[in-house]
Amino acid sequence: AEKLTVFAAASMKDALEAIGSAYTKDNGTEVVFSFASSSAIARQVEAGAPADVYISADVKWMDYLKKADAIDPATVRNVAANTLVVVAPKADAKLLNLTKTALLARIGEGRLAIGTPESVPAGRYGKASLTSLGLWDAVEGKLAPMENVRVTLAAVARGEAPLGIVYGSDAAIQPDVAVVATFPDDSHAPIVYPGAVTKVAKPGAVKFLDYLATPKAREIFAKVGFQPVD
Amino acid sequence: MQPLSPAEIEAVVLTFKVGGLALLVALPLAIFAAYALARWRFPGHAFFDAMIHMPLVLPPVVTGYVLLILFGRHGPIGGFLYDYLGITLAFRWTGAALAAGVMAFPLMVRPIRLAIEAVDPKLEQAAETLGAGRIVTFFIVTLPLALPGIIAAALMGFAKAMGEFGATITFVSNIPGETRTLSLALYTFTQSPDGDVAALRLAITAAIIAFGAVFASEFVSRRLARRLGGG
Amino acid sequence: MLSVDIEAKLGTFHLSATFESSAGVTALFGRSGAGKTSVVHMIAGLSRPMRGRIAVDDMVLYDSDRKIDLSPRQRRIGHVFQEARLFPHLTVRRNLTFSHWAGGRTASMPFDEVVELLGIGKLLDRRPAKLSGGERQRVAIGRALLSGPRILLMDEPLASLDQARKSEILPYLDRLRREAAIPIVYVSHSLEEVARLAETLVIISDGKVEAVGPVGEVMTRLDLGPATGRQQAGAVLDGRISSYDEEWDLTHIDVEGQMIEVPAVRAEIGEEVRLHLRARDIALALEVPGGLSIRNALPVTVLEITHERGPYAEVVCALGAQRLRARITRASLVALGLKPGQPVFALVKSVAVDRPLASLDVERDNDGFMSR
Amino acid sequence: MQPLSPAEIEAVVLTFKVGGLALLVALPLAIFAAYALARWRFPGHAFFDAMIHMPLVLPPVVTGYVLLILFGRHGPIGGFLYDYLGITLAFRWTGAALAAGVMAFPLMVRPIRLAIEAVDPKLEQAAETLGAGRIVTFFIVTLPLALPGIIAAALMGFAKAMGEFGATITFVSNIPGETRTLSLALYTFTQSPDGDVAALRLAITAAIIAFGAVFASEFVSRRLARRLGGG
Amino acid sequence: MLSVDIEAKLGTFHLSATFESSAGVTALFGRSGAGKTSVVHMIAGLSRPMRGRIAVDDMVLYDSDRKIDLSPRQRRIGHVFQEARLFPHLTVRRNLTFSHWAGGRTASMPFDEVVELLGIGKLLDRRPAKLSGGERQRVAIGRALLSGPRILLMDEPLASLDQARKSEILPYLDRLRREAAIPIVYVSHSLEEVARLAETLVIISDGKVEAVGPVGEVMTRLDLGPATGRQQAGAVLDGRISSYDEEWDLTHIDVEGQMIEVPAVRAEIGEEVRLHLRARDIALALEVPGGLSIRNALPVTVLEITHERGPYAEVVCALGAQRLRARITRASLVALGLKPGQPVFALVKSVAVDRPLASLDVERDNDGFMSR
C-alpha cells in the first residue's frame, strides 16, 4: 500500500516510532521516519524533501516553513506538549528548590547541562524559565550547553553534570536520572510540538496527523512523558 | 546481544552501497586532483588546494547545507541534473554517496598527492624517452608506483564514508532504507536513552567492517611492497 | 651528423659546448663533473639549454632561435642513463620491452639476441630492486637497445661491468653502429673504450669543449695529457684487412703499406679497420731486433719529442700520413739518442693491439643519418 | 557584512588554541604511531591500525560519547587524571583539544606513514653504518625526509581540528569562551532560522584561516622540495 | 686478519664464501652478479647469512653457532656503497661529517686532506641531488674515510671516476692501509686496481669462491682465465727498493736479485714494494736485445706453456721463486721455439710497470689489526 514519510525532530523518536507501528497495524499504511534536528529537517522540507508530514520540536521552524510556503498552513497543529524539568543523577535525587542559593549550591564546582540556548529549543525554554525566575544571571557562567537534549541527559546520567535542564519526556525514559524540580508552566512559552502536512504530501498524510490526536496515540505520548494537547 | 535486525542489516548494506559509490566516483577525481597538485604549476594552485580542504574545515552540517542548497531539486546544480538528466540526488542514497564522497575527498587527495610526489620524475622522464606519452606514462608508471598512497586513500575514504554523519543527515536526511546508513542508524539510536545496547551493537558492526577494510588494504599494500622490494 | 652548440647554466656551473661529429660514434670524454651528463641530457631533451641548437642531420631537435624544442618522445632517443632508472614495479622483461608495449615502438634488434648478449636471460622475471649493480646496468642497456632508437645516448654504460662483459658488448655496439647506422653518443672515462668505438672524440673539461676531432687526431695531441689521462694516452691507426693467417689465427692489417699482425678479426679482406695503440704499449728500437716475441716492428720517423717532468718522454712518430705515440723513459730516450727526423722502429706487441672494431667506410651506410 | 563580534573573535582565538594544542600533542603521537606501523612488525599490527581508524569510522557523536565515558570526571581515565593529577578535561578547552586531536589522529597517521614508508631504508642503514643509533637516525634521517608528509599531516590535522564539531560538542559541550570553537559557533548559528548571515560570516572566516594554513604549508613544502631537488 | 665463512640464499642465488685474508687490502674480484656486493653487505651487517662466521682478528662480527651478530653500528665499518647512498637532505659537508655529528665518531683523517684528495671542495655547500655521478661517488668515499672506521669496505668505489682521479685516490688508499693500518675490502672489476692495491685476491664466481690467496699467486694461475679477464691477466712481483736514480727520475727495484727500473717511487730504500705486470705487457726474447727502448730484461725460466684456442699462448716463467706470466702469439711461441725449462729473457717496458704501491712489511703495524 502507500507509504508515508514523516520528517520529525529526533527527540520524538521513541513516541513516534511506537505510534507509527500502531498506525500501520490499524490502517495498513507503512510509516517511515527520518529523525534529525528540527533545523535540518525544516531546511530539507523547504528544499523539497519527499516528506509527507513534518513534526518540529520548535515552533520557530514551523513558522519558517510556513513563510517558505513548504507546508499546508491549514494543517498545522500541535501534536504534543512537554514540561521542562531539572534532573540530577539518580544517586543524588534530593528535590531542589528553584532558588539562587539552592541552585548554585547544587551546581557547586560542576556545570548545569542544558541544550545550547541559541540553537536547541530545550535550551531556549530553559533560558526563558531561568530568566523569569531571576536565576539566569547567577548560572549563565556555569552552563554546559549541549548539542541536544539527549546529550544533556547523558551528561547528567553519567554524573558529569550535577544538574541538567531537559524535557519531562526525556527524564521519563532515562532511568539513571531523577527529576528534582519542574519549571512552572508560566515561566516559559508553551512547549509544543507542531506538526503539519507538507506541500508535496500524499493524500493520506492528514490522516496520520489526525491519528496523532487519537486516544491510542495520546496514550503512547503520555507513556513516554509527553503532555497531551487540546 | 541480539543479532542485527533486518533494518540494521539494511543499513549495513546501504553503507556498503554508499561507500562503494562514493569511492568509485571520488577516487578517480581525487587521483586527478592529487596529480594536478603534485605535478602541475598553474595559477590558483593554492586556491584549488584550499578549496579541497573546505569540507574538512567546516562543520559537516555546514557542508551538508551547502550540498542541500546546491544539489537540492531547486538548487542550481540539482535543478540542472533533474531537468536535463532526470537525476535526483537529494534524499536518495546516491546523495548520501555524494555527501560521503565530498567529505572523504580531502582525506583522499593528500595521501595520493604525497605518493605521487614520491614517484621519481626521472622515471617518468625515462618512460617518455622510451616513447610513452604523458597519459600512458601516468597510467603505467606514476599510478602503479603511487598505488600504496591510492590504497591508503581508498581506505580512508571508505572509512570516512562509513562514519560520515553530519553532512549526510543534513543533505539527504535520515530515511530508513534510502539514506539511513550505519552511521545514521547508530546516531538515531543514541537519540533515545534506551538505544544504548543497539547503538553498541551497531558500533561493533562498524568496527568489524573497518577491521576488514584495514586488513584488506594492509594485505594489498604488503604484496605491493614485496614486489617493489624485489623477489 | 650530430651538431651541438649549446650554452647553459646549472647552478653555478657554466656549460658551453659546441661540436660536430660527422657520423658513427661520438665519444664524450672528460673528468668527473666536467659536464658530460649535462650535454647528454640536453641532447635527449631532458633539460633545456639557455640557448643554442642541437641537430641530427636534417632533424633539428632544439633551436632557441627558431623556438624548436622537440619533446624527449619525439626525439626517439635510446638513452642509457648513468643511474639505470629501471622501472621498479615492472619485471626485467617488461622493462626491456617497455618501449614496445608502452611506447608503441618496434625494436630493431631481436629481443633474444640482446638478452643473450647482455647475459640477462635468468633475470627476466625478476624485478629490479634486488639486481646487482652490473645487472641493473645491463638491463638499462638492453632497454635502450630495444627501443628502436634513431640515436643512442650511452652515459658510462659499462662503468660497473667486468672486462669480459665489456669485451662482449663493445663489438656489439660497433656492429650496431655499422649495421643499423645508428649514431651513438658515448660517455666514458676509459680511453680504451673510446678508442675502440669512437669516430669522433669530444674532450670536455670544466663545461667547455677542450678538443674535438677524429679520435686518432685528438688522441695523439700532446697538449691534452691531463685530460685524457697519462696512463691511457695513445693513438689510433686506420688500416685495411690484408690477409688472414689461419694456422696462427692471426690477421694481417695493412697500415700505410706496413703489415701489422693482430689476433684474428671477424672482418672481410679489404675492409677498413681501426687499431688502438696505447703510448705505453709501444717500444722504440733502432733496428729490428731478432729472437723476440714482439713481431710487429714498424719503420717510423720521429716527429716530436716532449720532455715531461718525471721519468717519461713522449715521442710522436709518423707512420706514413698517420701518427703513433710512444711513451718511453727519458733514460731510454737519451740512451737511444732519439731526435726528430730520425727513422726508428716502433715495436708493437701484437697482443697489445686492441682488436680493431670500427669500420670506417661509413659511406655504405646511406640512409640519411651519416654524411661523411 | 558586519565585522566579527567579540564573541566570534573569542571563538576564532579559541579555535587556534584548541587546534594548536591538539596538533602539539597529537602530531608526535601520530608520528610515533606512523613509524611503528611503517617500520615495525609486531603482533596486533593490523588491530592497532584498525583502532586508529575508529574515529573516522564511527559517527563523531559516538566518538564524543566514548570520550565522555572515558575522560569524564567519573570515567576511568578522566577520574584518574583528576584524582592524581588534578586535570579536568570535560567541559574545558583542553578537552576540546583532546576531541579534536582524537578525530584528527587517523587523518595524520596515514600521510606520515606513507612518507616514512617512502624513505629508503638503505639511507637508514647507511646512517647506522656511520654510527648513528636507531633513535638518532630516526630524528636526523627518517624524520627530515618524511617532512613533506608531516607537514601535510599537520595541515590536515589542523583543518580537521577547525572543522570538528560532533565529538567536541558531545564531549565538552558548547560553552562560549571555553569550548565554543569557530565550528561550534557556526553550527549554533545554523540551528536557528535567522542565523544564516552570521553563519556565512563565520564560514568565510573559517575559509580564510584554512587558506592561510594551506598557503603556509605549501610554502614550507616547496622550500623543502627545492632543497631535496638540489640547489 | 679478516676471516669470512658464510652461506646464504638470496632468492634463487646461493652464496657460499669462505676465505681468509691475512692483512691489508683484500680484493673481491668477479663478474657482475657474482655475489661481491652480497658478501660485502654481510660483512657490514646489512644482511644476515644463513649460517657462518665473520671475524676481524679477535673480534667476531657474526657467528651463527655462538649467536653473535653485531649491529652495523657496533661493527664500525666505513662502507662505500655501490650506489653512493648520500643523505639527500644534507649538504655535502654534513654528509661528509655525518659520522661525527650523528654517530659521535672521530675521524682519523683530517677533513681538509680528504676533501682536497677527492676534489670536492667546491661542492661542500651543495646538496647531493644535482651532483654528477662521479661527484656523488667521491663524496661517498669521503664520508666513509671520515667515519673513523676499523675496517673499510669499498664496493666499486672508483667505477665512475676518471683515470686521473683514480690515480690520485689509489695511492691514498694505500697510504691509509699502511699508516692507519685499516684493513680494506675492495670490490673491483679492474685487475689493474686490484693488483696495485691488494694483498689478498678473492675471486668470486657465481656465488662461490673460485680462488683465494696472495695477489701474485692467484693472478698467475692459468686456470683462472675467464674469471680474471683475458685482457687484464698478469702477475705480481714482490721486490725491494734498491736505489734511486735522480737524474732520470727512476727507481731500481731488486726482484730476486734482478734489477727492474721503474719510474720514481716515493718509498724508502730497502722498503718492500709490489710490481704489477700484465701478461700482455711482457715480451719474451731469446737474448738481451740492444738499441731498444725496453730496458728491463729479466733472465727467467719457462715453466709452463698453455696453448689456448685462438692466436694466443700463455707462458708462465720463473724469476727465482716468483712467477711471471707472458701472453704472446702462438706464432711467436713457435718462431722462438720456446719449451718448458728453457732460459729466456722477459722484456718489461719500464713504463709498463705499474707504479708499485703496496708495502708488504705489515709487521710494523702493531696495533692489533694485523697479524702477519
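Side notes on the structure shown:
When the chains are written out, they are named A, B, C, D and E in that same order, and each has its own residue count from 1.
Here is the rule we go by: a residue touches a chain if its C-beta (ideal position, glycine included) is under 8 Å from a C-beta of that chain, and two chains touch if they have at least 3 such contacts.
Predicted, not measured: the structure shown is a model, and the values here were computed from it.
With contact taken as defined at the outset, chain A and chain D are each touched by B. Hopping across touching chains, the smallest step count from chain C to chain D is 2.
With steps allowed only between chains in touch, the distance from chain A over to chain E comes to 2. Rounded to a multiple of 5, the C-alpha superposition of chain B onto chain D involves a rotation of 180 degrees.
The distance from the centre of chain B to the centre of chain C, with each centre set as the mean of the Cα atoms, comes to 57 Å.
Averaging Cα coordinates per chain places chain B and chain D 20 Å apart.
With centres set at the average Cα position, the gap from chain C to chain E is 27 Å. Averaged C-alpha coordinates put the centre of chain A at 90 Å from the centre of chain C.
Counting only residues that touch two or more partner chains, chain E has 11, 83, 126, 130. Across the assembly, chain D contributes residues 61, 65, 166, 187, 190, 230-231 that each touch 2 or more other chains. Shared contact sites, meaning residues of chain A that touch two or more other chains, fall at 154. Of all possible chain pairings, those that touch are A-B, A-D, B-C, B-D, C-E, D-E. If you check the complex, the residues on chain C that touch chain E are 10-11, 30-33, 36-37, 82-83, 126, 130-135, 137-138, 155-156, 159-165, 167, 189-191, 226, 229-232, 245, 247-250, 261, 263-264, 280-281, 283-287, 289-295, 310-312, 326-336, 347, 349-352. In the complex of the two chains, the chain C residues touching chain B come out as 44, 46, 71-73, 75-79, 81, 83, 85, 87-89, 98-99, 102-105, 126-131, 143, 147. Chain contact summary for the complex, chain A toward chain D: residues 37, 39, 42, 60-61, 63-64, 111, 113, 116, 118-120, 143-147, 151, 154-155, 158-160. Listing the residues of chain D that touch chain A in their complex gives 61, 64-65, 68-69, 72-75, 90-91, 166, 169-170, 173-176, 180, 187-193, 195.
Residue ranges of chain B in contact with chain C, taken from their complex: 122-123, 125-133, 136-137, 140-141, 144-145, 227-231.
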